[in-house]
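We call the chains A, B, C and D, going by the order they appear; numbering starts again at 1 in every chain.
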């Protein structure tokens, strides 16, 4: 398996504008392994769409950025894959990677202590936490980015996620460089108790200062963005774009159905639902995300300085 | 009839806390004449409730502040009557009373020029415009007040109403004295065209400065408060109290029914409707209005100075 | 665009003549061509004549013309890029008010405006241009964002009035408009409002508190629709043309009354006869005015804006008029 | 209030004995009276013993006790005057969050808190205390008003969680909570939050970003309800007591973790046994803390508040734990 002592990042992507096709070697294998959608299938031969069950040619699947050509399903991507997809080749420089969870509650659920649980995830997901943060460029324009990964404890937010995101926000504020967060999260990390909940307040406080500085903040919601992340920094962006079909909600449709004892319309708590109800600005196909963000950065960049 | 050259105000009320009972002489007659609810009936003998048609003893009607004891209907009051009801005896000192409409559009509808129309209202309503503004005291606490009167051109807002209200707002801001507006209006005064519409923006702009100064603004909505007054200064108060049953709405129920081609629930666009939908803070019986406002003034007055 | 309004009858007659000759196609002779050329000159001449003398009520017809360019058309024609900001972040995305971040000749601005639908589907989608509370709240969100990023705000006004329905009341249309008036009055960035079609009542005012108000030549801006005013003041909506006259709702009238700053001339026969020319004129006016406003320090800008509205009003010291009763 | 929780069985047994004797009424003899006095002393002693050793899960029972004073009770018992500010000015008046301007010993504050209903009617009215988006927006309105008038804000936390229903999603519960976090972080007036019962998840956080967080002795404050945590982490909601233990949700635990500033002691047997005493203790804590916070210049206050949250987190430089797979 992977060498855990090797920092998960920085990553040097093989491709810029056009995304995920063309990767190779161990790097690509790790990335593929981290994506549930393709885990059980031999790479580059055939992929079964996790949504419509259509059997797709692996090469086409990759070429289409892991979006099903038949039903439009956008499969989940790892942080590493997002970085390759969105940022200029090799432009991503991570910071904040020397932060690790400290288990402040000495948490044990069933028989497993939290540190062992984390170590398992580090091994399985090939990354050290549910977010990576760093500087990057998009079409030459500088940004500060935080990219979440739902493969690591469901993308849940504990102290490290909150701290890294806050560092990214503060960095963006200091350097007056636009902030981009790619969100995906199941919510707060329960194993860190109230420390986890308070990261919502911490990131929101940092964003209040970013806003006072007049630095733009764009958030990309990917499947799923729920709970404490959606109810804190993700919802506070100036511009919010979501991928089609992404689950976007506070409680998530299953919890709502349980609570209400009734079946809900199929689009409940999705990106499209959020758009209809005025919570986000756009639903954009994965292939349009990068050009859209670049356009936004360009227009914000042409604004009169403060 | 009344001498038009006599300024409509200041008024010296006979009574403070308990309202309208006990008035006498020409002053009381003018006040009574101005109230449609009692116009056709001999004073102090019997009054027919305009809502439930119950025949009420005139004395009881007055004692109950012209609220029907049977159905709770709150009849409309003139500005003069409001002033007597709300403010400490003789404490009201008007300003802004030397402003009169100038007919900027040389407006003529059917055969009547706007100036003649206004002169008719001055004679009929016993006041020179749809609002009076001034300084007053409530239980010894100083306020700046603007009191509207629906007897004058339906309480519509033209340049003079907008200007007087703005003067009241600016006075309150300058002297850091709480502002009370008693609203009643059918909307903007069409005979003054865009000058009338722009009074909405003018008063709202003045209120923005009042808010920046941290001076409290309380608004009492009385029947009816609609259109441009509700959609400008009235809705911008820090605390909004309405009398029961008062029509409160942007369009008013008849317009809505016409537009939607359907009958509406009876409470549509009333004070109770506004409370239910989160637009106002309280619906208070006429007898509770003054004590409620005094309590508020007392609490705001005990706040830490800026 | 054809001439299809009632007062344009003389123009559509000439057009018909032209079309009659042109129907000959290949068979047209030299004298036919000469005649067409002369007819076209006459058409232009008569159009200028008629449009120079439009009555207020005729202007209302032009301002409401179904082919008149809408906010969406202007955005498409004026902007080299546009990203729509959607939703009020609380309830919905009112399609009757559109807005977003735009690039005009490389200059970034926030632009927003009323959208009337053209075809039936679009009309239903945007409630025939009648905005709801969430539209004004979306506008407020966009404007506050503009303030944060020091982007000038441009609003395009084209609304007969805010939606007079139950849902509007339930979601607080009055409060939503009122809040916008207050927010716009102290927004710390230049605000330019342009009435492109109908500026109707509080629904128009709710996105038009600005440092300067411009009007297209044939646009109208009014406290109430002529029909509503007529039915109240004349007790008969049929007197709409009298009301339109009496209320002084045209661009030249409002410029004379000093309630607006500038008139943007329209192409011959009205903006709907040449969307591109209309958009070019609007764009030029935006860039020039924004350029001028941005030269002011923000405190001065705000003081001017405050005075602009503070000084609106017409009064005398003594009452005018004598009672008729 | 009777002792009715499971772990209070020994106490209710003693109570029963007391009631049995007291039922004699006039017929009670001197030795009966002596016995009652002794039983009461024993009851007090045993109550103290049991409450000193409450497990986290037992505290959850106390924090959720149906007779525990709610926000409305505290307001009634603490304030010499209170005017309720209702509605979010956009959609509705969420009865699950109450707030208004209040006078505490002549000192004006803005007070707001979660309201659970006591009887069925009230429970339905306030959605069993599960707040909606409009509740958080009302809270924001009240807090901004407090800022404008330089009034300190006091929030009373008692909510199992924000409403997880369709309407909450439709009206943007997540955004409403997020906005409050941001607004409270930079509100230019002192903010004091007191967890009086259940502090549950984002629903509680949405009105508890503060300069200081106080907890009643038997209140809980948690990232997720013990039941939810158990069903996710133990895959069985029956492990709620284990989750309550593991998540460190009690006032003493959170004080030790330095996530709260102070514990307000409760009367013997919990706040529900003596509303008046509980309210007096809370009121004294409010006045003392607000007094201290108001002594700080506002910039200093805000810098402290920012640091208070900025510094929350527990990390190491090197990863801890070894993989088990």
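One rule holds for everything that comes next: contacts are C-beta pairs under 8 Å (C-beta built on N, C-alpha and C of every residue); 3 or more make two chains touch, one makes a residue touch a chain.
Remember, predicted model here, so these are calculated numbers, not experimental data.
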item: Set of chains whose contacts include both subunit D and subunit A; value: C
item: Fewest hops from subunit B to subunit D - one hop per pair of touching chains; value: 1
item: A-C compared against B-C, more contacting pairs; value: B-C
item: Most distant chain from subunit A, judged by the mean position of its C-alpha atoms; value: B
item: Mean-CA-position distance for subunit D and subunit C (Å); value: 54
item: Subunit A and subunit C, separation of their C-alpha mean positions in angstrom; value: 43
item: Whole-Å gap separating subunit B and subunit C, where each centre is the average of the chain's CA atoms; value: 34
item: Separation of subunit A from subunit B, taking each centre as the mean of its C-alpha atoms, in whole Å; value: 56
item: Sites on subunit B at which at least two other chains make contact; value: 211, 235, 277-279
item: Set of subunit D residues in contact with two or more other chains; value: 89-91, 170-172, 175
item: Pairwise touch network: line, ring, star, complete, or other; value: other
item: Contacting chain pairs - touch in the sense defined above; value: A-C, A-D, B-C, B-D, C-D
item: Contact footprint of subunit D on subunit C as seen in their complex; value: 89-91, 133, 137, 170-172, 175-176
item: Residues of subunit B touching subunit D in the complex; value: 211, 214, 216, 235, 238-239, 275-282, 292, 295-296, 298-300, 302-306
item: Sites on subunit B touched by subunit C in the complex; value: 4, 98-105, 107-110, 112-120, 122-124, 128, 159-160, 162-163, 166, 188-202, 204-209, 211-212, 227-228, 230-236, 249-251, 255-256, 259-260, 264, 268-269, 273, 277-279
item: Touching residues on subunit C, where the partner in the complex is subunit A; value: 81, 83-93, 101-103, 106-108, 134, 138, 145, 148-151, 294
item: Sites on subunit D touched by subunit A in the complex; value: 162, 164-166, 168-175, 177-179, 181-186, 201-202, 205-206, 209, 221-224, 229, 232-234, 242-243, 246-249, 254, 257, 259, 305-306, 309-310, 312-325
